[in-house]
Amino acid sequence: MIYLRNDYANGCIPEVLELLKEKNSAIYPVYGTDQETQKAKDLIRSKMPDCDVEIYFLPTTTASNTMMTRVALQSYEGVIACESARLHTREAGAIEFAGHKILTVEDSNGKLTPEAIEEKYNESVSKYDQMVIPKLAAISNPTELGTIYTKDELQALHDKCKELDLYLMMDGTRLANALVAPIDYTMNDLPKWLDMFSIGGTRSGLLFGEAVIIANKELDKGISLMCKQQGFLLEKGWIYGIQYQALFKEDAYYKIAMQENALNADLQTDLQKYGYPLYTRGFANMVFPMLTKEQMDYLAEYLDFEVWKKRDDFYICRIVIGFHITKEDVSKVSQLFAKAIGYEEKEIQTITTEEILNEDKENLQR
Amino acid sequence: MIYLRNDYANGCIPEVLELLKEKNSAIYPVYGTDQETQKAKDLIRSKMPDCDVEIYFLPTTTASNTMMTRVALQSYEGVIACESARLHTREAGAIEFAGHKILTVEDSNGKLTPEAIEEKYNESVSKYDQMVIPKLAAISNPTELGTIYTKDELQALHDKCKELDLYLMMDGTRLANALVAPIDYTMNDLPKWLDMFSIGGTRSGLLFGEAVIIANKELDKGISLMCKQQGFLLEKGWIYGIQYQALFKEDAYYKIAMQENALNADLQTDLQKYGYPLYTRGFANMVFPMLTKEQMDYLAEYLDFEVWKKRDDFYICRIVIGFHITKEDVSKVSQLFAKAIGYEEKEIQTITTEEILNEDKENLQR
Amino acid sequence: MIYLRNDYANGCIPEVLELLKEKNSAIYPVYGTDQETQKAKDLIRSKMPDCDVEIYFLPTTTASNTMMTRVALQSYEGVIACESARLHTREAGAIEFAGHKILTVEDSNGKLTPEAIEEKYNESVSKYDQMVIPKLAAISNPTELGTIYTKDELQALHDKCKELDLYLMMDGTRLANALVAPIDYTMNDLPKWLDMFSIGGTRSGLLFGEAVIIANKELDKGISLMCKQQGFLLEKGWIYGIQYQALFKEDAYYKIAMQENALNADLQTDLQKYGYPLYTRGFANMVFPMLTKEQMDYLAEYLDFEVWKKRDDFYICRIVIGFHITKEDVSKVSQLFAKAIGYEEKEIQTITTEEILNEDKENLQR
Amino acid sequence: MIYLRNDYANGCIPEVLELLKEKNSAIYPVYGTDQETQKAKDLIRSKMPDCDVEIYFLPTTTASNTMMTRVALQSYEGVIACESARLHTREAGAIEFAGHKILTVEDSNGKLTPEAIEEKYNESVSKYDQMVIPKLAAISNPTELGTIYTKDELQALHDKCKELDLYLMMDGTRLANALVAPIDYTMNDLPKWLDMFSIGGTRSGLLFGEAVIIANKELDKGISLMCKQQGFLLEKGWIYGIQYQALFKEDAYYKIAMQENALNADLQTDLQKYGYPLYTRGFANMVFPMLTKEQMDYLAEYLDFEVWKKRDDFYICRIVIGFHITKEDVSKVSQLFAKAIGYEEKEIQTITTEEILNEDKENLQR
């Protein structure tokens, strides 16, 4: 059974445990006021030399999304997000528990668009005193469908939000997988477009931990206290420092994502070659093949994956390539998929992986 | 300018002020523990002789919807409702402020269906520990589109909710307009299908006030205290008692709605006759004509109405017939609509109002 | 049985019903955007010519206290108040339901002092990231013990709050009874010292209603929307306008309080004369005699009053003089108290009511 | 500088890192559904063979206290706790953020008493519909003052709570230090008296983590979902399992506390011998000497400790003995205290440590 259900079923990268062991015997100022935490923040800041950002560490993605939302919103303000957004679908009502309404819009291939933001904004404003006021737009990058925002898209979202006086936040649960994809921006660009974003650690090889980056200093108010209030503030905050140092000092953060994306691209190419329709086509570490009941049942005997949703007669499935997945695993997965659809070698299409990737890059530009 | 924007811009029925004057000099036990409140509850209960219900009075529809939701839900549970539901669109995030998530589904002509409930339920349950658990389904009757649930539809919703262990609540902001429509049930039937519902007073001729009916006694816990906690508990609670007595002792509640529905039916028939497409066709006190920009601009000079939403080149408008609207008003409104579309008498369609109404009744049965 | 339990068991002043009747047949813009509401606000503003204030109407004291608290506080900030404050003891957890912590201090004869504020502030700040940050101090005037702040006390509270960067709010549930007491300030002075305060209507002869005065314009943000969100925004907002016009156009607001205070002073003087120890000595419309069990049992047969708390062998009772109480009522109440303690006419003390009042005035100045 | 400010400035016990390393390469079901978590729960359950308990793991003490409170309370119910309770003083308003009011009472040497519970309960119930209903009583063991509940005290609290239909929860942030003190009960007894309690890991040698024990099965509803909703549910839940295994498999949990308590007893004895008044006298790992300004200033040059509060001319200081503190540290600390007060060897009192401990034991029984 190969585990393809998500990318957080594995342990941490060895660097984390090594550094924890090395640093474990010291005495640390509590609640993240220590030097190891400071070092980690400096390391992260070194990836964004153009900007002056503040950094907070939180235990889970639910925690980081809740905190960013609380930071940006007054009690009578809401957040615009896609129907498919994690904070709407997979956070067990965390945002609502904190008292805020999510104003959902339809996504476009997993993405939030300036047009959708504007439409929702106008709708809310026209019913003033009846709807909460939108004050924040939230995106995920990669999206929940594994697609990745382009530079132009981020710029356009930023411009629209400025125009409408909205903050823009980005859920970076799997940000590494976006940053190593064929895009034309780096982490250093993000603070220019975003008021806040997270750099997920849990899915990038940590035991746990998400870093929240505050790029807009007017939002840097009361965060540490809110973290305490919500039970997020670890007494031994230095553990975050250690972990993020392990992640960034030798760029494990990027290397892991590169491995995942590459294996994912191989698998995605194979699946297309075999003739599987894909629900969406992304460049991160997730593939969404659409399977018949028979194909799904066959594959489920050997592979552990999630059924994303049912559409007509198809089961849209989600395959996630975590960093525990090897080249051999992917090869085996690919063979199983080939078998499930009755694909035979002789049918091999003439299109090569390179051609497909080039085609993808072109798509990405549009 | 004829005011068609809503049905709560007018004052109260004279009976309310008369009774207030008559009863104003007494001393009353506070917070609704008085005899006038008791009398009003008995009067309301007399409309539902088959059931044993508990009754609470609240100041606004936002208050009554929030309270019913809080009563039914634990902090980790959510409410299934239509995208178009008042508690989702027009309550300024009241449900979320109280900490609960609304799980929205698409409506079918304004209505929630058992199928939509089941689909949302299954989606939530399949992502256990990621989505709030649905524990309540909420409908409005009439719906926000002026459509009215049939007996069979209510029975089917009740059955589905029982099957899935959900409570079922009904926002009865304009319930009177449903009860006097061509339906085959009365207020006495409602407690059999619904765990809770409201009997709106504000839109039925009171100064203010909504009655919340608790039909399922297991939900009758802590309500009075929650009302105090949310600032809803009037010190001089007897004011509700007086008002609801005025509404029910001579059935003003029903008479007002009958007048509104009749005038509304006349106008709706005219508008169809003139050739206006209707966004939906209801039997309560709201018409939703779809207007061109030119028509809208012309009418807006003489009539005060709400633009519901824009669709393609049409402006879907909402005309509400409050009890301040007279036969003469409707006649004038009708003439203006005729003029706006260039309708001439000679074009009169052969279909009569009676035929249209018969056709409507047939539609209602389906 | 004479009702002395509180001052909101009676009906409204006749002016309210007369004006409601006169104005009932018009059509009004909804949610308080009408001219009657505007007129009422202008009338209230005319009592504070030196300041430019914003005004909102709310249904209950719980609503007005909650709203003022929400307006002033971020989610991680708290309000300093006396242990005896209404918002701590009698609001069923309204402030906490809205997510805020009340930081309580001991009162000094019902009053909050600058020293107590400073001590609590320092305690909170010294445990930064462990305690919510105080950002608001809340007083009641009259206090829950019927005592009244002097000009100097209000000035000192204002100065301390400015120093510590706290907002200062005043619960004016019974403000009229303070303003007609022997104090040396008027309503016009209040906005100079207070960022927000309420002018209670329910206990001053309205059917219901509290006016919230926003003196500090930086707090005037999102209030109307928050009111809608909490279910406080009446559809027919003009009802508040009518009521507050009735209260202020002929100064019924002050006349009622003068009558109550005068009767209360008479009774308080009598009770002291008879030898009852008083828990506190106020100048508003409440007396707090300390009774033995026998006295209490005897009086409870004829009088309906509240037992405030038990201390040692005494029952501290609260007698409230509402505007339904007549001179004859007070005379009867006085006789009963005389009888309960076995007081005989021949024992009459030489001190006169005037002397006592003069003495009180001196006390008040200190 | 010896760090005596708290017991969570140190790293974790080596067993934690060893086991993490050993188990790090596996693939685990997520959100705590794995076998390592199961093993840890079984190990903890083996310490309470007489009862059938459910166990949840949470990241911080704020998280565990919030969760226990939420589990027990409806939105209109409150928790009775001491003024000095951690959940009132040191959780940054976490309970209020979750919407609940803390009903505080004065503590008796840090402890909550049945009498205080009953008094607060009666006060709340007598003002029904004005105060939140108490439904939970919360204690800490050891208390915030380092005192420890006796068997009889726990039994009496349990009996009173049953009588008043309250749940009883215990904050066990430092429970180990209570269980190894001279008391006559073990962990196995706790579920008989308590509906819920926590077994703190952070202060007992883990990187982080608190175990919440649900002894009353009627409270075991929706907890996992609430944990997700509040951002507490770690994706890689097995990390808790590993850590709690490390803590309990060789009883490190108890051994660490024994070392801390023993060193603490030595220091406390010395301080008394030197003539320092103690604010309270406990048997756990905290001493509360009352220092003059001069003594405090002198000691603060060498020791890092917390000033608990100021009383008259004394500074009540809190010394905490974490497991990083050695016998040599304590000896040095003791010498500094001796010097600060000018204590000389020849003054040695005749009373021995054993005599003091015996005396303490007698005190404990009372």
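Note that the chains are named A, B, C and D in the order they appear, and that numbering of residues resets to 1 at the start of each chain.
Please note the rule applied: a residue touches a chain if its C-beta (ideal position, glycine included) is under 8 Å from a C-beta of that chain, and two chains touch if they have at least 3 such contacts.
Note that the coordinates shown come from a computational prediction; the quantities given were computed from them, not determined experimentally.
Enquirer: If you tally contacting C-beta pairs, which comes out ahead, B-C or C-D? Let me know.
Expert: Answer to which pair has more contacts is B-C.
Enquirer: Which one of the chains is farthest from subunit D, going by Cα centres?
Expert: Relative to subunit D, the chain whose C-alpha centre sits farthest away is B.
Enquirer: Mind checking the centre-to-centre distance between subunit B and subunit C? Centres are C-alpha means, answer in whole Å.
Expert: Result: the chain centres lie 38 Å from each other.
Enquirer: Rounded to a whole Å, what is the gap between the Cα centroids of subunit B and subunit D?
Expert: Whole-Å distance between the two chain centres: 53.
Enquirer: So what's the Cα centroid distance for subunit C and subunit D, whole Å?
Expert: Result: the chain centres lie 42 Å from each other.
Enquirer: Mark out which residues of subunit D touch at least two other chains, giving numbers and ranges.
Expert: Where subunit D meets two or more other chains at a single residue, that happens at 75-76, 91-93, 97, 99, 129-130, 132, 225, 228-229, 233.
Enquirer: In their shared complex, at which residues does subunit D touch subunit B?
Expert: 31, 70, 74-77, 98-99, 128-130, 132-133, 221-222, 224-226, 228-229, 233
Enquirer: Which positions of subunit D touch subunit C when the two form their complex?
Expert: Per the touch definition, subunit D meets subunit C at residues 75-76, 78, 89-93, 95-97, 99-101, 104, 123, 127, 129-132, 309.
Enquirer: Show me the residue ranges of subunit B that touch subunit C in the complex, using the header's touch definition.
Expert: So the residues of subunit B in touch with subunit C come to 3, 5-6, 8-12, 14, 17, 20-21, 23-30, 58-64, 66, 91-94, 97, 202-203, 207-208, 225, 228-236, 239, 324.
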